[in-house]
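Look at the two complexes coming up: chain A is in both, with chain B in one and chain C in the other.
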Partner chain A sequence: MSLVAGVDIGNSTTEVCIGRIEGGDIRFLSSATHATTGIKGTVDNIPGIVSALEEAMGKVRLSTSDLEYIRLNESAPVIGDTAMETITETIITDSSMIGHNPSTPAGVGTAVGYTIHIENLSKMVADRPYILVVGKEYGYEKVAEVVNSLGGYIKIVGLILQADEAVLVWNRLDKKIPIVDEVLRIDKIPDEKMAAIEVAMSGQVIRQLSNPYGIATLLGLNAEETRLVTPIAKSLIGKKSAVVIKTLHGYIAENVLPAGELYLKGEDGKEYAVNVDAGAEKIMALSNVAGRLSDVQGQKNTNVGNMFDRMKDSMSRLTGETKESIHITDVLAIDTLAPVQIAGALAGETCMEKAVGIAAMVKTQQLPMRKIAEELQRQLNVDVAVAGVEAAMALLGACTTPGTRLPLAIIDMGGGSTDAAMMDDAGNMRMTHKAGAGELVTLLIQTELGLKDRNEAELLKKYPLAKVESLYHMRLESGEMQFFAESIDPRYYGCVVMLAPDRMIRVEEDIPMERIVEVRRDAKRKVFVKNVVRALQEVAENGDLKRIPNVVLVGGSAEDFEVPEMLTESLSQYRIVCGRGNIRATEGPRNAVATGLVMSGTSAKR
Partner chain B sequence: MVAKKPEIVLLTMQAGEEFIKKICAGIEEEGLLYRCEAFSPAERTNISAGALAYRAAMESTLGVGIGVCGDKATLTHESLGETKALCSAVSDEAISVQDTWTVVTPKMLGQNAARFVKKQPFLS
Partner chain C sequence: MAGEKAVKYNEQVIEEVVAQVIKEVMKQRGVEQTTQGKKEDYSDAKVATKGTDPKEVVIGVGPAFQTQIHRTINGLDLGQVLDEVKAGIEEEGMHPRVVKILKTSDVCFMGLEAAKLSGSGIGIGIQSKGTTVIHQKDLYPLSNLELFPQAPLMSLETYRKVGKNSAKYVKGERVTPITVENDPMTRPKYQVKAALMHIKETECLDEKIPYIEWNA
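Now for the complex of A and B:
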């Protein structure tokens, strides 16, 4: 009879499982999870391991000194990275523009005139239409008074305000004109330039300035100039108010960095080239043809070349290996849209351009698990062994899920890579690691929604949404209503919130809930469903998915609130039974590796 | 019987004109209707901005009321009862406040009253 602990150090959590082995029988006593301390594979992990062990032993009123031996996992020696690059050409024009959605602009229609700051009133001449630019130090009453008093001899056709006072000014004007307010950087607006402003009717969006020919009409542009303002028009689509200022000095910087070619090197030495312009589908098709890859490179001095350069840089920093020895063994390319900054935008406006998100994976040297084992042994005075390949242990553990039998495949969706392993009736095992998992999903959510904060994208990936519609109820993304007896904190009123287990988190950007849900689901489907099929094809006999009867999802991503269902749905077409694991019928998808380590302990030493 | 318009009600007591004007400007900017009344109690009582706001909210067909008492203003909704409120403001904007979430500028208080009716998130 002996007490054995299995310890699985993951990127984010350390999981342990305690079992009692009597003869050939195992009785599982307890398990625990603790956040991984330090970077996975370093001795910094030890405090986390010790805490988790103490917690698990404490649950059965034992201490770590009662353990006979501890078995550590040998983690998969792969790391992944993600990057994003726009593939359409970037045009930089010299026109300036402002496009935004102030909640309350005023007046309706378009106006064309010369910009002038209120300080320079004396420079105005008669018979010339002006658009007056006013800083927030001028109150609404003053502004209205100035405009009304000029009414006789100088034509003010529109107003650009820095303060949020458009309606207040408009209500006090004798002659009504369109007013755009909440323009923060009015200092960037030059004087005496032709400008057009437009305010949409309430409930509608602007029409003239979101149309290249509309801008051409208002500002009198020729064909070439019109072509150059197209990105401006495009970025103004859907706005409630906009300003376009003509500042062309005949100087146009057009910077077109080609998207570039991607070179896939097969293990057989053949090299395949594909232009990134062709899109993700073409890239993935070629990667299929190339088979197992020995490396991937991008064309020098192109967008994709720079992107792979950066990825290899960051991977070499992470692994401590030289950049030359980093070989990318798998890529996943995904079509997406990314916001691109428009030169000339006065408020950081962007337009959405076609982009490709790429996850790449490299094989690294084995992580120094032995060092951890030695140090842990010294600290706890218990025998510690590095035992078993992670995927094999996860398979063993996954077999404890009720309703499974061999042949069985497991999918472990992590942060950087999606791993699959398959065991047939005879106990033969095959495994694979595919680039792209949780982190790529986060990146896609972040870029498509144009979020500044990566952390917010991470949260949006994890939690379902709701919209707080009154002080006492919210509408969940499923359409259900939830009511509360106590009033909701006013700071959440009218906002889209994420429903974390113990609290609500406000979504800071003003994006409709439906749009976020759509982007989130799309990103998960594009990455996980695609990758799981890719991984299973590789471990399945002859690449035939129909030969896999059971797929068990394990690891952190299996706890996602919608990914397992997406996979169950899409794998059912191959007649695969796929679902979230339930290790030892109690642990859910967690603890598979730790459980497998304890189980393999019966046949291993003693 | 006069038909009641959908308007935000302000009840004021011993409050500065400038202070009230800023709050009203906030409501006007958001395009809502409002009614502003001086509150004169039958007997001399000590009434807080919060209590005044609740009284105003009960009078408003929108259920949204603002109480302005001296240099303090409070915004509330009738469903919150007398003890809770949505946010408040002080007339002297120079006074530093600790909780920037519930204490806003007078104009923002007016805007928040209107935004509450329009079901838009509060400014802070």
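Now for the complex of A and C:
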């Protein structure tokens, strides 16, 4: 009879499992989880290991000195990193448009007229329609008075205001006209230029100015000019109000930034080049052609070159290896859109620019687990062994999930990489590590929503959302209503909140809940579903997914509130039974490796 | 011993200074009192009723508002203050209504009374010295949606934003946080003036009429 502890040091949590081995039988006594102290694979991990062990032993009223031996995981020697690069940029020249979402424009409809600043009133001529441009130094009462008094002789068909007073002015006008407000740089609007103004009905978006032919109709453009205004129409899609000004050369251009080329080196020595502008799909297709990679490089002095340089820098810092010896063995590229402020904009307009998110993975030397084992042995005075490859141990542990049988595959979705391992009936094992996992999802969420804070994106990934609609009820993202007897803290009123287990967290940006949910789901699907299929194809016999009957999800990301369901759904088309693991029928997807370490202890003992 | 003496001395000085200040202010007030210090008679005024318009935001002003007191603690004209708050509400597409609260001079209770009269359940309380609160009818009096406790640091722009935010609460929209200045010297600098203005407002309470419509 002997007491054995399995210890699994992960990037974020350290998990232990305690088992009693009698003859060939194992009885699992307890388990515990503690946050990993320090960076995974360094001796700083020891305090976390010790606390976790003490907690687990304490549950069965034993102390760590009662242990006969401890088995540590030999973690996968891969680390991953992510980066993002925008590949297009939009520039407005000659102030040719205004298109933003002021919270309260006023007056519904479209109008065409000549722009004129309020200071140049005297230059106006009768029988000509004007769009009046007013600075914020003129109050709403004054503006309304001026427009009303001109009404008799000069036609004012639209208003562009710098201040946020559209509704106030509109309420005081004798003749109602469309008004766009909150335009910061009215000084850049030229006088005496033909312009079209449009304000959408509340709850709707503009129709005319987001349509090239709509602009052509209003401003009387020929076919060639219409072709040139297409980018303007495109960038006005989804706006609540807009102004398009007809200037000679002033158009808006979408530039493709020279992102640079990516060089994929196959293990067979062949090199494949692809331009990042081509997008993620081309990059991934080429990566498929190249097969197993020996390294990936970016073109020198280009955006992508610098991006890979930075990645290799940070990885070499982490592993203590020289930058030259860092080889990228897998990349995952994903197309995305990032809201970027348009250069030359009058009202702080943003445009969704194309971007490519890239996750890369690097094989490193073995992490210094040996050192941790020695130090732990010294501190606890218990035999410590580094035993078993992580993936194999996770497989063993995953087998304790009720309802599984060999052949079995496991998927471990972590922060940096998605790992898969597969064991067939004969006990042969194959495993693989793919770049891109939780951190890439976080980066995609951050980019697409234009968040400043990475931490907020991380939280948005983890928790479901709700919109606090009154002090006593909120609408969950599922559409359900939840009511409260006590009032919700007024700080959350009207906000989108994240529902963490013990509290609500306010989303600081003003983004509709539906949009966040869409972006979050899309990012998870793009990364996890794609990577799981990629990984399973590599471990499956002949790359045939249908030969895998069971897939068990283990690790932290398996606890995500929607990823397992997404995978179950998308893998069902290959007739794969896929689901969140339930280690030892009690632990859920956690503790697989620690459990596997204890289980492998019996055979080691024998 | 020496310490005790010093304390006594300080207290004496403070008492003297306060007495001086009060005397000074009373003197000023004395002049005012002849023209407008009298307690108003509201027996003919229209008692405010609960609104039914779901777009309504009720602004509840203090008992001395625009009658005994015409400027906030930092000299803003109360008429302008009211106009800005109303403009903020109007710009967001909601409807302002002003009532004068006569049963209390506490800003939180004023705000709550206004909220209870409001068709939307959102109300604003403004003391004559400028302290402002946004309230909701179902909240506890001392809880609130937004409180602007440092009246001396309020500007007309801030009052416009207060109006805008109150309207956004009606619409269930996310409010824009209002940047409020914070000056630790405000308290000592304005404490006496604030106390006097509050006393004056409290003197104007009316036990018989809780609130009236106010269209000054």
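We take it that the second predicted complex is superposed on the first by the 423 of 606 C-alpha atoms of A that agree within 3 Å, B and C clash if a C-alpha of one lies under 4 Å from a C-alpha of the other, contacts with A are read in each partner's own complex, and residues count from 1 in each chain.
Assume a residue touches a chain if its C-beta (ideal position, glycine included) is under 8 Å from a C-beta of that chain, and two chains touch if they have at least 3 such contacts.
Keep in mind that what you see is a predicted model, and the values were worked out from it rather than measured.
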| item | value |
| --- | --- |
| Partner chain in contact with A:487 - chain B first, chain C second, else both or neither | both |
| Chain B versus chain C as contact partner of A:472, first or second or both or neither | both |
| Which of chain B and chain C A:167 touches, first, second, both or neither | both |
| Touching both chain C and chain B, counted on chain A across the two superposed complexes | 103-104, 140, 164-168, 171, 469-472, 487, 490, 493-495 |
| Partner chain A, residues of chain B touching it in the complex | 25, 28-31, 77, 79-80, 84, 86-87, 101-102, 111, 115-116, 119-122, 124 |
| Complex interface listing, chain A residues touching chain C | 103-104, 140, 164-168, 171, 469-472, 487, 490, 493-496, 510 |
| Residues on chain A engaged by chain B in the complex (per definition of touch) | 103-104, 140, 164-168, 171, 469-472, 487, 490-491, 493-495 |
| Contact footprint of chain A on chain C as seen in their complex | 87, 90-93, 136, 138-139, 143-146, 164, 168-169, 171-175 |
